[in-house]
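Take a look at the structures listed below.
Both complexes shown next keep chain A, but they swap its partner, so chain B is in the first and chain C is in the second.
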Partner chain A sequence: MPKFLVLYKWTLDEQDIKIKSDDLSLDASRAKGKISDFDRNAIEEAARIVEAKGGSVDVLTYGSAAVKQSLKDVLSRGADKAYWIADASAETADAVVTAKVLAAAIRKIGPYDVILTGEGSSDQFNQQTAPRVAALLGLPCLSLVHKLDVEAGTVSVTRKLAVCTEQATVSGPVVVSVLSDINKPRIPGLKQVLGAAKKPNEEIALGSLGVSPADLQPKAVRRSAKGFVMTRKNVVFKDANPADSVAKLVSSLVSEGLF
Partner chain B sequence: MTGIFLFSEDPVLAKQLLTPALALKGALDQPITALALDGATAADLAALGADTVLLLQSASGWVEGLGDAVTDLVRAATVVLVGGTQRGKHLAAHVAAKLDAGLTTDAKSLAIEDGKLVTSRILYAGLAVGVEELAFPAVATIPPRSYPTPEAAQTPGSVETVAVTDDIRVTVTGTTPTESSGVDISLANKLVSVGRGFRSKDDLPLAEGLAAKLKGEVSCTRGIAEDEYWLPIERYIGISGQTVKPDLYLAVGLSGQVQHMVGARESKIIVAINSDERAPIFEAADYGIVGDLYAVLPLLTAAITS
Partner chain C sequence: MNFELTDEQRLIGQSARAFAKEYLDPIAADLDHSGTYPKAIIEQLAGYDFLGLLLPEEVGGAAAGAVSYIEVIEALSRSCPAVATILTNHTLGALAVVDWGSDKQKKDYAPALAKGERLATLAIYEKGPAPGVGPDALLAARQGEHYVLNGTKAFVRNAGVADLYVVFATVEPAPDKRALSVFLVDARTPGLTIGPRLETMGLKACPVAHVIFSNVSVPAAALVGGENGGTAIATTLLAKAAVFEAAQTVGIGKAAVKHAADYAKQRVQFGRPIASLQAIQTLLADVATDAHLAWLGVQRTAQLIEDGQPFETDAAMVKAFLARVGSKMLIDTVQVEGGFGYSEFMPLPRLFRDIAGTTLLDAPADFPDEIIAEAIA
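The block that comes next holds the complex of A and B.
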């Protein structure tokens, strides 16, 4: 019976982030947290396999103190137990730091048969966590998985790449990143939300993981993040008769030199 | 640490990587070592400015499994550039982890400042651009078509053959090439892009007819390709799909979510057709028509004919 661990990130909902018009800085003061979109697919996939065949689903996250808010949500999505590491270092962590912390935590709470995560996080979309964690743990990694089967210790996947689809198998523990089209994540109902409150969660103190202060220093340091502003003409035609709008559009495109 | 290293399993992209590598060589005064998987690409890279090319003899050729082997070859690197294909990004993350190095995914720009690699990339699905500085050794993946192929070098480099070990824990049991219509939408000069405003696959000829009149191609949103399967994956535009820069991007029945627009926002002229006046696509467009695409598209197609 497979033991799954799903790595998830508690991110800001990018829909709530506003760009300040004066200096293009980002205003996240009204942004709510969410479980990173593609990580929901990873949780869903593990939960579905366990519901069909048995096994267990633990989840693990590393973030700022805000990650505590994610526990009920993640446990209502099919996870059995949540592990969380809340530390201020996460605010500046790059993929190097994140992978080291997650790998150290997995060494402590593992082993697991399948370590799953989404193809990338909704905020950074670095797409580094799965291969990095696998490299640090010395495990093979199958990324961009669109179909996952776990049978008697053998993990078989279909990966979907731009150039091809690829079938691959691994015997023994493996790190897998899933694509968003692998499933449609459930929307937790009242029963799941109430059930989540009874499920266990456990804080892992960063200090207990043997990660040195130097390991918490990012190798990629963010200098700035500025809103991307698209300056467009924003000429909108909304004539009652669409033919009028079309005529105006065509004449505009002619004057742009497009025809 | 000395040396600029580059790798892509895509021969065209590998040659494009030489352009930023040559710029880094100018800034750092360090030689370029290119890694290649086939002899023809190795020869090309040597001719185009790589000082040394290492021709990897991989039995499986499975790029994602070459992480440890590539790490050993690039251990002396100051900067490692990897072609930003999906396989390349996987490999780069493994190598960066083993080098204990920072990695910028899909770098839009590269510069050397004060002994660091300064890169920019997209954040929050296109909402923002982040600038980060990476200590050496630094790794970056570069999206396809970011740079031109350089001119032939005055002095060609040398090619050495290197035996490498694959990741034998992973067995690739089958590969099916993506069915390709042979159309590369990133090369199209005009695109008619389809969103969920289309009620059925049967209505796609409306877009195809207009694209034909424009001598362009039809592209789409991720939902149309990946949820509805109306159009092939290679035609969807967005953060995880294609990036295009046509002269005309005609967005029809799509709302203009940032995840989509990030792939189209470098188009010269963007036109929106949408029945919802408040759809964000109008803010991202030069010209727009608020109206029913089923009425507007036939009129527009006819107007362009005449």
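The block that comes next holds the complex of A and C.
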């Protein structure tokens, strides 16, 4: 029976982030936390497979002290046990640092048959966690997965590429990142929410993972984050003869390279 | 003093909001227009254990507490208050069983009510000026090991879809005018018939009808809380109903102000979004303030219920406060949206009708004042 580990990120809910109109800076002061959207798909997929075929689902997260708020939420979504690493380094961590910490933790709590995560996080969508963790652990990686099956130690996936789909199978441990259309994450029922408090969770001290201070220094440093506002040309064609307006509209669209 | 929700309360509210967004938002307008009872939705709610939220674990409930319950009711009411009304009336009926019922009654009824396999409701009102008064009064006469019920209960919600009616009747001879007795009456009991469905102003997906009792014979074991023990039960259940309906009203108010605020940001008049006009800001700020302050009162009252403390005065206060500001929240938000807000293709007219139900039913606006006045005298 497959042993899953799902990696998830506790992010700010982008719906709560306001863009200031004067300088486009982001105001996240009232933003609540949430489990990153694609990671919910990963948790759901693991939970569904285990509910159908048996096995277990552990989850692992690395974040600031706020990650503790995620534990009951994630455990109400089908996970059996949650591991969490809470450290201030996560606030500045880039994809390399995050992968190093997660890989070190997996070496400590593993092994697992399938390590799942979302294709990218809701906040930064770097799409680097799965391939970097796989590389550090020496495991194969299957990304862009929108169909997953696990049978007798073999992982079968369908990947959704730009112009086609690809089917692949892997034997043995593998890292998989999933797309949002792989499933519809569940809405936890009351008893799942209340039952979450009875499930185990374990904090992993960053210092116990053998990660050096140099490993925690990000190479990519975010200088600023600003809101994106789409600007429009507001061109209006209002000739007396509608046919003239249509002709000008088509001509304009052609000149813009849209046809 | 701590205003923070526990993780469980927060997550239960989160689940209810997700449920409402996923399943209620797409159908709320259709339910309002058709008045259809949403059977599939109620079954889905049961699947999430919402129908047994307040019931104890030993009968299969979630025992999540009143604070979690109002989180759910408020969340559902933002999308479809009628569904919250169905749920609340079921819950009140089920509470009569688990809080005052005999061990056998709990064993016979509570597990199915907790799972949502059976739906309950209260049959409490009558057409006359008070229960037991007038030609249609529901009277119960003891005949050996049975009671025989004759008369009519008026404006029964969940009528025709409930499996169990928690019926308040006057057992003759009554020791005083206010003496009531409670009976558990199965919907299939011979002689119980449901009158024509009554068209209501709002909350249309919750069916309302008079329930007629014609020589309905129930065993003495159907009596809850002893003969003439129903007045205290009614008082407590109506006080809880006031709190739950207040949660509905706040949910409706918050939905209305959110819709109006979003509209105001998009609607451009005089060359700028109307949200930047002070007159509009004042309307929205007033509604948001009323809804927020009312919610604090509702939460406080729910916490008192959860703690087993006296809550009736607080319940009366939130009821009275929302009776004053509830409809105004909709008047002001419709005012913000103008002609669009007044149109049936927008949600505010539906919420306007619904909020009349959640603020005016179960106790007229002046009734709570009596309770409050007694408390402060």
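In the analysis below, the second predicted complex is superposed on the first by the 228 of 259 C-alpha atoms of A that agree within 3 Å, B and C clash if a C-alpha of one lies under 4 Å from a C-alpha of the other, contacts with A are read in each partner's own complex, and residues count from 1 in each chain.
Assume a contact is a pair of C-beta atoms (placed from the backbone, for glycine too) under 8 Å apart; a residue touches a chain by one contact, two chains touch by 3 or more.
Since the structure is predicted, the reported quantities are computational estimates derived from the model, not experimental observations.
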Which superposed partner A:L144 touches (first chain B, second chain C, both, neither): first
Contacts of A:R132 with chain B and chain C, given as first, second, both or neither: first
Which of chain B and chain C A:P188 touches, first, second, both or neither: second
Residues of chain A touched, compared between chain B and chain C (which is higher): B
Contacts of A:S76 with chain B and chain C, given as first, second, both or neither: second
Touched partner set for A:P218, first chain B, second chain C, both or neither: first
Residues of chain B that touch chain A when the two form their complex: 64-65, 67, 85-87, 89-91, 93-94, 96-98, 100-105, 118, 122-135, 138, 167, 169-178, 190, 226-227, 233-234, 239-240, 247-248, 258, 261, 265, 269-271, 277, 282-292, 295-296, 299-300, 303-304
Chain A-touching residues of chain C, taken from the complex the two chains share: 7-8, 11-12, 14-15, 18-19, 22, 47-50, 52-53, 62, 64, 68
Contact footprint of chain C on chain A as seen in their complex: 69, 72-73, 76, 187-191, 193-194, 196-197
Sites on chain A touched by chain B in the complex: 12, 14, 17, 19, 26, 94-96, 99, 119-120, 122-136, 140-144, 156, 160-172, 180-181, 218-228, 230, 232-238, 242-243, 245-247, 249-250, 252-253, 256, 258-259
